[in-house]
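Letters A, B and C name the chains as they come in the text, with residue numbers starting at 1 for each one.
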Amino acid sequence: MEPLNALVSVTNFMLIPAFAYGSQLALGALGITLIFSILRFAHFAHGDTMALGTAAVIGGTFFLQAQGVSIGGLPTALLAIPFGILVMVLYLLAADRLVYKYFRKVKAKPLTFVMASLGVMFVTNGITRLFMGVSETRFEDGQRFIFTIREFREWSGLAEGMALRTAQATTIVTALIVMVVLFWFLNRTRAGKSMRAYSDNEDLALLSGINPERVVVITWTITAILLVLAGTLYGLDKGFRPFNYFQLLLPMFAAAILGGLGSPLGAIVGAYVVAFAEMGITFAWRRVLTYLMPEGMEPSTMMQLLPVDYKFAVTFAILVLVLLFRPTGIFKGKVI
Amino acid sequence: MSDPVLIGENMTGGYGNGPDILHDCTIAVEKGEIAVIVGPNGAGKSTAMKAVFGMLNLRQGAVRLKGNDITRLTPQARVREGMGFVPQTGNIFPSMTVEENLEMGAFIRDDDTRETMAQIYELFPILRDKRRQAAGELSGGQRQQVAVGRALMTQPTVLMLDEPTAGVSPIVMDELFDRIIEIARTGISILMVEQNARQALGIADKGYVMVQGENRYTDTGAALLADPEVRKSFLGG
Amino acid sequence: MSLTARDLGLFAIMGAVLAMVAMFQSPQLAITILNMSLISAIMALGVNMQWGYAGLFNVGIMGFTAVGGLAVVLIAQPPVPEAWAAGGLGILLGLMLGVATILAAVIVYKRMPPSKLRGFTLFAVVTVGFLITSYVFGPAKQAVQAVNPAATGYLGGANLPVILSWPVGAVFAAGVAWLVGKVSLGLRSDYLAIATLGISEIVIAVLKHERWLARGVNNVTGIDRPVPRPVELQPLPWVQSLADSLGWSLSQTASVISGLGYSVLFLIVLGILIWLAERALNSPWGRMMRAIRDNEVSARAMGKDVTRRHLNIFVLGSAVCGLAGAMMVSMDGQLTPGSYEPLRFTFLIWVMVIVGGSGNNWGSVLGAFVIWFLWVQVEPAGRWVMEMITSNMDVGSALRRHLLDSAAYMRLTTMGIALLLMLRFAPRGLIPER
C-alpha cells in the first residue's frame, strides 16, 4: 500500500485538471447566471460568444508575439485579454442594442429572448469561424510547466510524478481572483447592489430610481469580462476550437442550474461539482487503486466508470437529477 | 386657500386604455397629517393612491405636490420630487440585507445618507439588530418596517402606504400605526389605504370613504368614526 | 386546408426558382434541393407542432433526427451472425441488466420512505447494478467490435424492408422524447431547451462511440434504398429512350429519375403529415393546445393537465423529426454520425420554422424550402462575393486564401441574421398563423 503515491497520482491526473476545468466552467456559469437574473433568459449564445472573445484574444496575442512582446514565463495571451474584453464588451452591447433591447421594450416572452440568443449564437459562430476556421489553434506560449513530473519526482523521491502546467495554475489563480472581485463588486459597490436589487425585485428597483438600462449595460460588461477570461483560460489549457466552446454550453448550464439559476455562489459550486463529476466518473482509477489495494488485489481493468466520450452524459445526468429532485438548485435560485 | 402638500384633484381614469375606475375623485393630505382612504373591496382605494403616484392614466384632473403640477411625471420622477411609496406586495428586496434595502431606498440620493439611516433605526430599533440579515427572512411585521424604512430613505415630503397592515397580527398592526404617527410628527405627510378601517380612522386626521371610484364621505377621522351612517355602512355598526 | 392566394403565390415563386435551378444550374441539383427541402419540411412540421402549437422549445432536433437514422441501420441492414455469436447475448443481457438497474432504482425511490437509508440503498442499487452491467456488457461489446472491424464489427440489423424503418425511426425518437419530456416539462420553459440540448449531445456521443450498435464513426454505408439506384436504372430501356428524347446523358437521366422517386415518396409522407397536422390543429384538441400556449395559467385553472398535454405534443413532434431522420438516412444510403452537427440539424430547422411562420404548417413547409435553398445557394454566392472582393489581391496572398476559405461560414451568419430579422420585424413569418 502506497497511499502517498496514490494521492500524487490522483492529484496529477484528476484533481488538478478538474480544478482547472471547474474554474473555467465557473467563470462561464457565472455569466449565465448573471444574465439569467438580470435579463431573465437562458443565454444560448454564451459558448459561442466565449469563442469569439477568445478569438479576439488570440488575434491580440499573435500581434503581440509578432511585436516581440512577452511577459517572462507567463502566456502572452494574458496581455491580450484587455483587448479581448474591449472587443466583447462592444460586441455584446451592440447585440443588446440591436437585438435584445427591442424585445425588452415590447416585454416579449422569455423564450423569444432565448430564440434571439440562438440567432446571435449563429451569427457569432459564423464570425468566429470567419476569423479562425474550424481547426484547432494553440496559442499557449511562455514556460509550459511550473514544475514537471521529473522535477517533482526528484524533489519528492516518489515513484509517481506530478506536474503543474502554467495554464492550469494561471486558470485557478485568475478564477479565484475574479470570483473574489466579483463578489466584492456585487456586495460592496453601489452598481453591484443595484444589480442585485434589480434581480430581486424589478418594480421596486425602478421605484427606487435604479435605471434598468444602466443595470443591463453593467451586466453585459461583466459578462464580457467573465466570458473572455473563461474562454481564454480554457483555450490556453486545452487549445482553441470553436465547436468545443459550443459544447461547453451544456456543462455551464448544468452548473448554473445545479447551483440555482440566479445565484452566483451557486454557479461556482455547481461548476466545480460538474467538473469533478465529469472527471471522476470518466477517470481510469486503476493506477490509483493499484497503489491503495493490498498486494495481489490490484484491479485488472481500467476501473473507469464511463469512457471519456461520455462526459456529457455525466453532465446531463446531473442536470436530470437536479431537475427531478431539486429544480431550484442547491442554493435556492429563482423559483421555477 | 393654500394648496395642501399633496392633492389629487377631480381624478378620472383607469389602467391603460381600460374603462374608468376613478370618477372625479379627490384625495389630499396636509403637512404632517395622516390621511386614510377606506372603503369596501373594489372601491378603487388602491387605484386612487396609484393615480396620485402616477401609475395610471388620468383622463381628467390633476395631481399637485407642494403646489407644483406633477400630473405628467412618471412614478420614478415623483419619487425624486419627494413622494415615497410602499406597495402592498413586493415592497422589499428579499435576498438583500436590511441595511442594503435601506441603501437601495436612498439610491437617488448623492449626499450622505447615514443620518437618515440612523433615524430609521431609531424609529424601528429591531431593524438595527437585524441589519445584516436578509430582508426575506424576517417576519411579516418586520418586513413592513423594512419597506417603510426603505421609502423613508429618500426623506420624502409625503409617504404613501398601500395597505401596510395587510396580513399582520393585530398587535403588530397597533405597533405599526404607532410608528406611522411618529413619522407624521416629524412633519412627513402620510397617505394610506387601509382595510382595517376602524383602527385606521382612529389615527387619521383626514378620512376618505370611497365607493365605486367616487368620494362618498370626506371628513376628519374622528368625525367619520362618529358618523352613524358611515358606521352602519362601512364599519360594521 | 386554408391557403390564401398569397400563400399559393409564395409556393409558386419557390417552385419557379427551383425550376430555374434545374434549367440554369442542373436538374440533379434541383432534385437534390427539392428532396432535402421535403425532408427539412417534415422536420420543420415536427418542430412547428412543438413550438407553434404548444410553445415548446426543442433544441435537440439533431438528436431526434439521429435516433431516427439509427432505426434505418437497425431495420434494414443484414445481421452479422459472427458478431451475434461472439457477443450478441452478452449485449442483450447487458442492456436488460441496465434497464433492470434503473427500474430497481425507481422502485426503491418510490417504495421507501424518504430517509438517509433510502439514499444509501439507492446509491448501492445503482452502483452494484452499474458494475454488474458493465461486467457483462463490456466484454461482449469488445467481442462484437472485434469481428471483422474493417467491414462490420457491429451486430447489424434485422434485414427488413427499409421503408419499415421510417415508422420505427419515429417510434425511437418518440421514446427518447418521452424520457426527456418526462424530466423537464412542467418546469421553467427554458429547462426543456437545455435538457434537449443535452440529450441530443448524448445521442450523438452514443452513435459515435458505440461501434457495436452502428459502427460509430466508421459509418454504415450501402444501406438498402427504397428507390432503385441510378446504376440500376441505367440499363433499363425506357430510361435510355427517355434520355435520348430529352437529350440528356444517360447517367443524368437515371439520377434525376431516382431522385424523383424519392421526391414522390417524400411528398406522400409530407402530404399525409400535413393532412393530419391540419386536422389536428383545427380539432378541439388543437384549439386546446393553442389555448394552453397562449395562456397557460388560465388553462391550468380550467383543469387542463398542461404538463401532460405538453408531453403528448413534445413526443409527437419529436417522432416526426425521427421519421424525417430515418428518411434522410435511407435517401443517402448511409449513416454518418460524424456529420451530425447541431448547427445544421437543429438551428437550421428553427430558422425554417420562424421564417415560414410558427403555428402554421404550410408556413413551416415554405420556410423549409426557402431556407434550404438559401443554405445551398449562399455558399457559392458567398464565394462569388469573396472572389469579387479579393480579385484585386495578389493570387498567392494569405489573406486572399483565408477569405476564400471563409466563404463557407458566411451562410451561418446569413442564417443567424435572417432569424434575427424575422424575430424582430416579422415575428409571424411568411405565412402567419390564422
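Methods note: a residue touches a chain if its C-beta (ideal position, glycine included) is under 8 Å from a C-beta of that chain, and two chains touch if they have at least 3 such contacts.
Every value quoted in this text rests on a predicted model; they were computed, and no experiment measured them.
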### Message
Testing understanding: with touching defined as stated, what is the shape of the graph linking the protein chains, line, ring, star, complete or other?
### Response
line
### Query
Which chain pair has the highest count of C-beta pairs that touch?
A-C
### Message
With centres defined as the mean C-alpha position, give me the subunit B-subunit C separation in Å.
### Response
59
### Task
Take the average of all CA coordinates in subunit A, do the same for subunit C, and state the distance between these two points in whole angstrom.
30
### Task
Find the geometric centre of each of subunit A and subunit B from their Cα atoms only, then give the gap between the two centres in Å, rounded to an integer.
47
### Message
Can you list every residue of subunit B that touches 2 or more other chains, as numbers and ranges?
### Response
none
### Summary
Within the complex, subunit A is touched by subunit C residues 55, 57, 59, 130, 134, 138, 183-184, 187-191, 193-195, 197-199, 201-202, 205, 208-209, 341-343, 347, 350-351, 354, 405-406, 408-417, 419-420, 423-424, 427
#### Entry: Contact footprint of subunit A on subunit B as seen in their complex
75-76, 79-80, 85, 87, 90-96, 100, 103-105, 107-108, 150
### Footprint of subunit B on subunit A - complex, ascending
190, 193-194, 196-197, 200-201, 203-210
### Query
Which residues, counting only subunit A, touch subunit C once they are in their complex?
41-42, 44, 98-99, 102-103, 110-112, 114-116, 118-127, 129-131, 133, 243, 246-247, 249-250, 253-254, 257, 301, 305, 307, 309-310, 312-313, 315-316, 319-320, 323-324, 327, 336
